[in-house]
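Shown below is the structure under consideration.
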Amino acid sequence: MTALIKFEQVSKAFGKLTVVDLLDLEIAKGEFLSLLGPSGSGKTTILMMLAGFEAPSSGAIRLQDKRINHLPAHLRNMGVVFQNYALFPHMTVAENVAFPLLMRGTPKAEIALRVGRALDMVKLTQLKDRKPSQLSGGQQQRVALTRALVFEPTVMLMDEPLGALDKQLREHMQLELRELHRHLGLTIVFVTHDQGEALTMSDRIAVFNAGKIEQLASPDEIYDRPRTRFVAEFIGETNLLSGILRGRDGDLARFELTGGASIIIMQPQAMEASGHALVSLRPERVRLSQSPAAANAIPVTVQDTVYQGDHLRVKVFGEGVELVSKVDRKSAIWPVGAAAFASFEPAECTAISQ
Amino acid sequence: MKAMTLKRATSVFGAATLALSIVAGSAAARDLTIVSWGGNYQEAQKKIYFEPFSQKTGKPVLDESWDGGIGVIAAKVKAGTPNWDVVQVETEELELGCMDGFYETIDWDKVGGKDKFLDAAVHECGVGAIVWSTALSYDADRLKEAPTSWNDFWDTTKFPGKRGFRRGPKYSLEFALMADGVKPTDVYGVLRTPEGVDRAFKKLGDIKADIVWWEAGAQPLQLLASGEVAMTTAYNGRISGINKTEGKNFKIVWPGSIYAIDSWVILKGSPNTDAAMDFIAFASQPENQSQLPEHIAYGLPQKDAAALVPAEQAAELPTAEANLAEAVALDGAFWVDNIEELTSRFNAWLAE
Amino acid sequence: MHGYFAVRSALRARLGAIALVAPLMCFVLFFFFWPLATMMQAAVTDGTVRGVLPETAAALSDWDGESGPTAAMQAALIADLRAPAQQMDFGDAVRRLNSEISGFRSLMSRTATAVRGAPEGSTLTLVGIDQRWGDPKYWQAIRRAMPLYTDRNLLAAVDLTRDARGHIAQAEGGASANRQILTRTFVISAAVTLLCAAIGLPYAMIIAASGGWVRTLLLIAVLLPLWTSLLVRTAAWFILLQNEGIINDTLIALGLTDAPVQLIFNRTGVVIAMTHVLLPFMVLPIYSGLLAIPNNLLPAAASLGATRLQAFRHVLLPLAFPSLMSGCLLVFMVALGYYITPALVGGAEEQMISSVIAFFATGTANWGMAGALGFILLAVTTLLYFVYGRLSRSPTMMIN
């Protein structure tokens, strides 16, 4: 894949506050890239710089190798979907969708045709004469999306577009968006603070913290192999076990937990030997059983059990280690005080340098 | 029933004013309230009339200022109990209000007898307070040659520059006729004929483009001081006043000036008629009235008071013999009859 | 039983609500509608003359209206003048007659004095007192003043009159210029409104876009004229605009002009001064209107391909339009009532209708004319208000 958009050492500061710090990022054509991070991590600023509403303080942003740092927004041909949709309240649905075509001087007849087709596609034809205020949140969302799509933008920029919808609608829209992405081969840059949303839709996720990328990878890699403590904690729930890396044997290594027990982990290359480190272990990878069931098995006592609908969340303690395990409700019942083994495979442990 | 309708129709404004005064709580017995023209003139009056009178009677005296208009008087009187007692009015307000019964009748014995006053200052409803003039004025520091008549005022080639005029037909028409060669004594005779009015408007039209119209008495001074106009009509008291206070060298051309008398009147229905009458008598006493020219150059209608004024002050007054010689007395009766029609026509003429 | 109590408590609640708004209603009725109604009434009521001259009224009903006065008419007028009348009512009647024919006032006062001074029972002829009484036009004037209601003030307010036959006709040329002055009032107000809009819209946009102390400073700057007294303000304009004023001195010093440009005592001066004073009435509504516009609409427009100008034209302007319109309406209506500023910094061509109203109301106590002119102004303003209502509610501008 060739890079459609490149950020080269881009920084952005507002006064003394540096919001984006020496960012390097490449976005491929046809890619669905999510910028994920807590608020204030700089992800929205990056989007604003890309859209042309802000200029970088230093560095270069390139679109198809052309430097676009100061190219005015209206010449960038990027479709932007805003958090609150930013629909024009004085225009009807059809007028809103026609707006970008009108600005481009598209002939009247063609505008009508394309608007009609676009509204058809998102099933909004019946509402075309309504004002935005007469639409539901989901409908407004679809209008905003259609408006940003109708002029066939080079890239779609979305700033938390689903944040204002309720949970069910949000999940529905997530699927719809992904479908659209696949169907039209769009390049999408998607800003969100919702990790679930990012995991569901993205080809790649860039996790941001304090103006820097913590990790840029595919969703499963982000989830299964978080490279930093921040990523591990921000994406999903995890058990973080601290300890010291001891011996190494090929892909495997011995990791001595702070409480004294030792476990075997995989792929510790990135880490220096005998260094302090963390191991991230997803709760759903920890199995509870009467006897050891994997390469690593720690004898524990059940401390707490919480019913969560599709699974049980069991907190256990043993050998100085506290672990959370998500277990299938059908497997067994773990009353508080019961003795068990918490088992997990070396491949399910990800070491993180501290 | 019919009478009620009529009464209501005529007194609506009065009733509205009454309503306001009730709300303002001013209907109760109140101190003697005297109303005059404001500015440094009223300051002088305060010093020589209001305060000494208050000291003499031991009762407070309130003073307010107004800008004239019989409508104001009418509204006050028709309200039933006016909240003003003594008012200083111009000639037409005296005539109109007296005819309409807005004023109390003057007790001339109390004031000292009619023979003590200039004839023009004696009226059934009012006692003359000052004699003042509207005259051609100019800044002698700016004009190399001194204008001497309304003819010069109209001559914009010899005296280039704008001209100041009080907005309205009063004075403007008289001065125009004099500039057109009418003798001062014949001005109102000519103006009483339709041809005379036409003639006056026509003459006024000759310099229409050069006229700057003023309304408030302080404006012509400003116009002269800034050089905005080369000459203007102005009130004589203001001219000598600014010469004194700001060291200006403004001059007055007395021939062709128009003098008028302002009078004290007592509003009908005033709860303080006796005190009001006493005040007018006090302000008419020679030893009090003769102090006025020291503050402001207005002539005195009380003959004994006029006699007490020092010679160098007296020469500046409209009542000085030299200044009166070719001056015209404002004809109140003419303006009472014609002000409305001529103002409409004046407005129309302005708009042409 | 239950229903009865429900009705009673609902009634009590309703009464309570009425009691709460009652003071406001009373205030509005008493201080707003009542004066307005009385003013309107003054414009159309007549009949003061009938009240003072009842016998003359009766005698005039038999008159053919063209020949000389009959003996009966003369006798009736003498009898009316002899009868004791309220002096103030008499004054009102005389004022009314004088507005028909200038000079009627002195005619009436001379006649009244002669009639009342003559010994009881002596024979008097009006023509003997003043020969003008032989002229039918004075009697026609009295007859015209007899009806209880009249449209003469309303007609006169727009330079119309009734001719001898009672048809509506143009007033004599050069006698009155109310229509012209009204038109001028609207023209000046419109010019001031346009100028205020032209300055106020960008100014409000700048305020809305700025923040912190800059915003405060800009707001204070525009509000300042409201906190300054009229005379101080006018004096300031005078210093600035006069021939030897700051602006002209600067222009001459810069060599842009040889002779001073006339900036004061003409329409330029009036429009500048009124715009200065009325600008807050434009800026504040637009400013608050702009604040209500979501701040991501302009970036959205830009991202959709709109240039700054297009975004302004298609997004900001339509959204700011209702507040712009209310600003315009406010400025226009306030401007209509101005007369001191035009009088002080304007020339002969800038007199506005309010000064004519003031002349009639305070200058000559002709409340009929004042009321009629006020009514015309009110009528036109109301009409404009409805036009505004339509404009600001037009479908493309609607914001739900």
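Lettered A, B and C in written order, each chain numbered from 1.
Quick note on the criterion: a contact is a pair of C-beta atoms (placed from the backbone, for glycine too) under 8 Å apart; a residue touches a chain by one contact, two chains touch by 3 or more.
Bear in mind the structure is a predicted one, so any value in this text is a computation, not a measurement.
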Counting only chain pairs that touch, give me the topology of the graph as line, ring, star, complete or other. line
Closest chain to the protein's overall Cα mean, using per-chain Cα means, please. C
Would you kindly tell me how far, in whole Å, the mean C-alpha position of chain C lies from that of chain A? 67
Any idea how many Å lie between the Cα centroids of chain A and chain B? 88
Nearest whole angstrom, what separates the Cα centre of chain B from the Cα centre of chain C? 27
Interface residues, chain C side, partner chain A - complex: 294, 296-297, 299-307, 310, 314-315, 318-319, 396-400
Residue ranges of chain A in contact with chain C within the complex: 51-53, 72-74, 76-80, 82-84, 86, 88-90, 99-100, 102-104, 131, 133-134, 147-148, 151, 157
Within the complex, which stretch of chain C touches chain B? 30, 34-35, 38-39, 41-42, 45-48, 50-51, 86-92, 94-95, 98-99, 102-106, 109, 148, 174-178, 180-181, 184, 238, 242-245, 264-265, 343-344, 347-349, 351, 356, 359-367, 370
Across the complex, what residues on chain B touch chain C? 2-3, 5-7, 9-10, 12-13, 15-16, 19, 68-75, 77-78, 96, 99-102, 167, 208, 211-213, 215-216, 219, 222, 226-228, 333, 336-345, 347-352
